[in-house]
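Chain nomenclature is as follows: A, B, C, D, E and F, assigned in order of appearance, with residue numbering initiated at 1 for each chain independently.
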Amino acid sequence: MKRLITTFLFLLAALAFPGIVMGAEEPSSLNKGDTAWMLTATALVLLMTPGLAFFYGGLVRRKNILSVLMQCFMCMCLMTVIWVLVGYSLAFSDEHMLGGMFGNFKHLFLSGVGYDGNIPDQLFMIFQGMFAIITPALILGAFAERMKFTGFCIFMSLWLLLVYCPVCHWVWGGATGFFGLGEDGALDFAGGTVVHVNAGIAALVATFVLGKRQGYPGKISPPHNLPFAVLGAGLLWFGWFGFNAGSALAANGSAVNAFVVTQVATAMAGLTWSIIERIRNGKTTVLGMITGAVAGLVAITPAAGSVNAMGALGVGAGAGLICYIFVAAIKPAFGYDDSLDVFGVHGIGGIWGALAAGLWATNAVPGNETNGLFYGNPEQIGIQIKAIVYTLVWSGVVSFILFKVVDAVFGIKASEHEERIGLDLTEHAEAAYTVVE
Amino acid sequence: MKRLITTFLFLLAALAFPGIVMGAEEPSSLNKGDTAWMLTATALVLLMTPGLAFFYGGLVRRKNILSVLMQCFMCMCLMTVIWVLVGYSLAFSDEHMLGGMFGNFKHLFLSGVGYDGNIPDQLFMIFQGMFAIITPALILGAFAERMKFTGFCIFMSLWLLLVYCPVCHWVWGGATGFFGLGEDGALDFAGGTVVHVNAGIAALVATFVLGKRQGYPGKISPPHNLPFAVLGAGLLWFGWFGFNAGSALAANGSAVNAFVVTQVATAMAGLTWSIIERIRNGKTTVLGMITGAVAGLVAITPAAGSVNAMGALGVGAGAGLICYIFVAAIKPAFGYDDSLDVFGVHGIGGIWGALAAGLWATNAVPGNETNGLFYGNPEQIGIQIKAIVYTLVWSGVVSFILFKVVDAVFGIKASEHEERIGLDLTEHAEAAYTVVE
Amino acid sequence: MKRLITTFLFLLAALAFPGIVMGAEEPSSLNKGDTAWMLTATALVLLMTPGLAFFYGGLVRRKNILSVLMQCFMCMCLMTVIWVLVGYSLAFSDEHMLGGMFGNFKHLFLSGVGYDGNIPDQLFMIFQGMFAIITPALILGAFAERMKFTGFCIFMSLWLLLVYCPVCHWVWGGATGFFGLGEDGALDFAGGTVVHVNAGIAALVATFVLGKRQGYPGKISPPHNLPFAVLGAGLLWFGWFGFNAGSALAANGSAVNAFVVTQVATAMAGLTWSIIERIRNGKTTVLGMITGAVAGLVAITPAAGSVNAMGALGVGAGAGLICYIFVAAIKPAFGYDDSLDVFGVHGIGGIWGALAAGLWATNAVPGNETNGLFYGNPEQIGIQIKAIVYTLVWSGVVSFILFKVVDAVFGIKASEHEERIGLDLTEHAEAAYTVVE
Amino acid sequence: MKYIVAIIQPDCLNAAMDELGKQGVDLVTVTEVMGHGRQKGEAQVYRGHKEAGRLLRKIKLEIAVNDDYVDKTISAITTATRTEQIGDGKIFVLPLEQCARIRTGEVGPVAIG
Amino acid sequence: MKYIVAIIQPDCLNAAMDELGKQGVDLVTVTEVMGHGRQKGEAQVYRGHKEAGRLLRKIKLEIAVNDDYVDKTISAITTATRTEQIGDGKIFVLPLEQCARIRTGEVGPVAIG
Amino acid sequence: MKYIVAIIQPDCLNAAMDELGKQGVDLVTVTEVMGHGRQKGEAQVYRGHKEAGRLLRKIKLEIAVNDDYVDKTISAITTATRTEQIGDGKIFVLPLEQCARIRTGEVGPVAIG
């Protein structure tokens, strides 16, 4: 107890005179309508991580649900703290380091992040912070039911700094030159590459480093609580409006378009998945429906600022079809154990979405000036592919190295005994549900 | 698989050159405050359908919860697609067909739905699209636990086009002449007739066409997961602020009033139901409380733009009392099997609310110029009754015909065996909860 | 049934001619951006009570979850009605009674509460109404699993009027002189004293009046459904953005700051709790994580308008540490049965937060002009302590008297038999989950 | 004394208890179980992964009775739950050596009812 | 060898296991069951629809013991769970013919503990 | 006839059922139970309050068989579930006096399968 108190007093002292001046009088430049929407959108994106927690948590076995919820909530805590301390600066400084790969330390501890602008910089910072929470959280579906918690925390912290921040900097943070994906004109409205391809490939790498769960594939029980997964899907869908329409950073026509196409693509993808199941198995499943819907949400993310509602039908139908083929046919053929299909849904869905943005983009959409292939601009496809490849390579390689390093130092794979008993009890000393009383 | 790919390529091609130009530069006319609120409100209304899914899903037997969740999510997908393709045009074209019964095909594929206006037309379109999702979804509570899924999808698609779109057109879509309910001055702020009476009567018809569940009424088990129903009620309450206050289409005094009266009427109705139970049985129930609250939400819906907070106490008390009497006394007397009391809560609550709007409407409420009976305008009651009757007749008759037709062609009633095993397994090949692991 | 109908007709008549004129034309003064945000914020605060219901409900034994959900929903209904009838007037009239202890009856039945102002008064009224719902609801965690429902309803109604309304009046309602805590300059942005200290001390008093649950502490089963508690924590976190950032009453820099620090303090507190657990037990728990996060939310509440993100790290770390010590060490040492640690988390967290506001407050935060100790203004601590002490004394004493009176008249403690069977069945005649079907 | 175990369909529980009550067999313990029998389970599909779904929800009744109640008990259960469809279930009769009522400490046949 | 089945109140589980432990009976299998006995269930109401609510939550203990442990087991359970209120529960003793430990393949009395 | 009760690890259920099927033992009733055995439960912590966590999830199989199937059944279960780690479980064999198929009214050995 003594140790704790000393630590605390130290912390207190350290924070007491924080040298850093953070802002100023309320600026007249602030647009209240835009600020109102962005406050809401930011809250919505925060809610996506609990949503994801239930989407994932319902799909694992009963003995592991808490470990999934815990990992999601730990992302909400840990990533926030890292983000305000240093992550935001690395991703969004307008001055660059290491050849433009990273931003620099200008905004360390939010130094110089004020309350000015159409929407305040602080608001942009926290909106982006929510993205920095959910992106790592997405990955955990790949190694659910078998990753040790300490290794998880270390890996995720490093991943945020060394993978997420740079990719974010390249696409949205103003990187120029070799890493200037945004400068190139890559269409990634709300994070098809930065978020989904990025997390998806890291997830794939994770499955290879960690190996399979015991008994996979034949003897893994089905989802222990599908209603929880549906609840999570509902919250994700709801929160995703903040993610996509919020990425307009204003309550304008671009936000409205992003909102509309999010709804349309998601609906179309859910419908497509169901129709495929109906044709192939004669029955539609709830898990298929929500998986399709999430695939649609993923795919429309990069394209939400540049395609219209009719294009969104195409994006959604493609997402449902391609992700279905991947999850139901290609993954089993390869036989790796991506527990909750993070690569199949987010990786593949994100790649498809980034390509689709290059197909259906039209300058008839407010706030967008880029046309895609179908509107006469074939070059856009090339730009999109470049962004995808950069992300795949960087995230793939660095994630692999990080996994290996963290494994060597802390260990990442739960023991056979722990896996059998379940991570809830062995890693968190709790049971999700009581049997008695 | 081949078939799928061909279909997909076809779809792709069809969407590639969509002829339709959809919007323009960001217009200066857009009000950002209003747009901010309407983006939020639209997301809130979307959340109501997952909310409804849990409200209903918790009340059925364990073996059928997924079928309820699936039907709700299918509405989210299917209705969205139909709405953007053709439904919106039928409901909201300012040019009419068939003597004003429907809008015409002017806005087919959202043609001509742009980003202009105080709030962009696209935003209005998607806000209304969320109503077009939840209205059919409401009906499914009536035939829960015994409807076949294919028949469900077909019925709902037709119902949207042939029942929802016209009624919506009469009240909100600018119909004139014989069908000009809105023109008449009928008060239906957020859908008492269009949504609740409409769905309620279709639900009642469904119970007669489908017949009872096996063992009804004596041997139907109680709700399998009441906390889920409470969760759903909480999400519905939350989302309903978007439904009602969003129907002001602006962040103005009218929206504020709608927000306030929604809260007050709901609270009063929940309280009333509880008091009645306390008097009659000595105990209050959670199911009673949330049923009462939903009845209050339903009843205030048409009246939210025209009554004030004190009027809302009356609307809520009446909703609690009348729906209680209906659900606890009248329904059992008739003996039909409306599984989740859709008619008793939405039908009756909607009728009461539409009448109540004609009683307590006052022009002291911002944005409303119509007084009701208690404020010296007895004619309003007549106008309200007309709107109710039109809706009851049209929806009742057309729903009946649709059920019969769909039954004849596809079959709508699950077999005895399927009902016994439960629709989750027989229709969707899934179990909601595992028993092992 | 006759009795019911008579009551209803009476109510109807009473409400029919409500004398009170409630508002006017839509005023031009209304700011749409601010109104848009406050509509959203109000809905978010409403959602916190269902969130709390699940946070609490998941932690009790299976036989009592419905009683917790019911008490929360009853607060949503009962407090709303009391608030619009009289509570708002007692708390927020600008004319005072009883030496400034209460507001007067000027706004009885919302008389004179109009649609004017930057945000309409009606909107402010309903935003504050949501606070009047959740504050009493917080208390119920202390006496969960053993309080009779009728006594609960009576106690809570009186508590709102006699404890919440005055304290609210002192801090936010414009009280002057002896009770002028707001006038003094006490920093309580969103309710550290008004909400959390207030509810926390009432909770502590409750545990002494009601005594322990049977078998406490050794034989109380663990939380019956931890995922529900996590769901509740997620909804609370989400809703709390409305609570704190909404307390700026505008979409401005102050709201943005409140939003940012809410996220940062919560994350830091959750992280701190987990780190402590990791150090002490070698394992982190989900319950610890969410408890820490809630403690962070509580602690930042009073400080959200005056500390910046770096200060919020201090507030959060302190909240995690202090609440942990209290809940895991001090409470067990005293041995009283605060079932869900309302005092340990809300009382202690609220006290810490109110003090912390006096430490880290800085006028660099938009909308705040007060510095705290660390920014050279030691007096502020004294002002904060005064506000805390006033609240502790008034709420402690009056809550105690109320409990005793209600106990004498209605009885508050469930019988041994009822406690054993569980309140769901004995008080509400329902079971949360079926075992069969 | 006998210890009777019956596996029945979930939707027959109420009927079975009614019928047992009529025969004066009032005390029974009910468990939710999963059965694998002649009645085949429903196949399941999770993201394309197929499960045989061998188990179906069933209800197990356990009833301790004195010897003269055995036949009544069996016939009551049979009457209430027979639908002549596959999956109706089984009744097993096990010997019971001793029975004690915790509340009173009574033992033997008198403690059963 | 005997196979002892006890139906007890849920809130007595911990006490029963403590007491059994003291008597050296360490191995037990616990099931959540619903009981219908002299103790009547609580009536339930769902939207005006009343249910008799015949079943109450109970806990079933199953304990295989060698013959010389039978009395100790019964008295341990009785001591821990008797409150002299209706609903305390019952203990049933069934004959047990064989017992095998899966891990080692041991059979008979030695495999029980 | 015998009534075989086996307590096994949850993750062995599928294997056990496969193996039983191979031996022609197709009918089985499965219950989710909690076991306290040599394998110690995992300690739990709730807000600093520690729980011994004595119980672990297990699966109970109940199988009524004719006498000539007893050995096959035991060996099938053993084969499928033995990992030689503590907690593998136990098999109990109880005498079974009577068996009836509800659907047909058949009784005795013929009703078992």
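Rule of thumb we're sticking to: a contact is a pair of C-beta atoms (placed from the backbone, for glycine too) under 8 Å apart; a residue touches a chain by one contact, two chains touch by 3 or more.
Every value quoted in this text rests on a predicted model; they were computed, and no experiment measured them.
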## Note on the structure
Common contacts of chain C and chain E, by label, are A, B, D, F
### Query
For the homomeric pair chain D and chain F, should the interface be classed as same or different, according to whether the shared residue numbers exceed half of all numbers used?
different
### From the options A-E, A-F or B-E, the pair that copies C-E, where over half of the contact pairs coincide
A-F
### Message
Between A-F and A-E, which chain pair is linked by the larger number of C-beta contacts?
### Response
A-F
### Mean-CA-position distance for chain F and chain B (Å)
49
### Task
Please work out the Cα centroid separation of chain A and chain D, and write it as a whole number of Å.
50
#### Entry: Averaged-CA centre spacing for the pair chain F and chain E, given as whole angstrom
17
## Note on the structure
chain E residues touching 2+ other chains are 11, 30-32, 34, 44-46, 55, 57, 85, 94-95
### Query
If you look at chain B, which of its residues touch at least two other chains?
31-34, 36-37, 40, 63, 222-223, 225, 231, 251, 281, 283, 285, 287, 329, 429-431, 435-437
### Message
Chains as vertices, touching pairs as edges: which of line, ring, star, complete or other describes this one?
### Response
complete
### Summary
chain E residues touching chain A in their complex are 10-11, 13, 30, 32, 57, 59
### Query
Along chain B, where are the residues that touch chain C in the complex?
31-34, 36-37, 40, 44, 61-63, 221-227, 230-231, 233-235, 237-238, 241-242, 245, 250-257, 259-260, 263-264, 266-268, 270-271, 274, 276, 279, 281, 283-287, 289-290, 293, 308-311, 313-314, 317-318, 321, 325, 329, 359-360, 362, 364-367, 374
### Query
Which of the residues in chain D come into contact with chain B in the complex?
9, 11, 14-15, 32, 34, 42-46, 53, 55-57, 85
### Task
Write out the stretch or stretches of chain D touching chain F in their complex.
2, 5-8, 31-38, 54-55, 58, 60, 74, 77-78, 81-95
### Task
Quick one: which bits of chain A touch chain D in the complex? Just the residue numbers, please.
217, 222-223, 277, 281, 283, 285, 287-288, 291, 324, 327-329, 332, 341
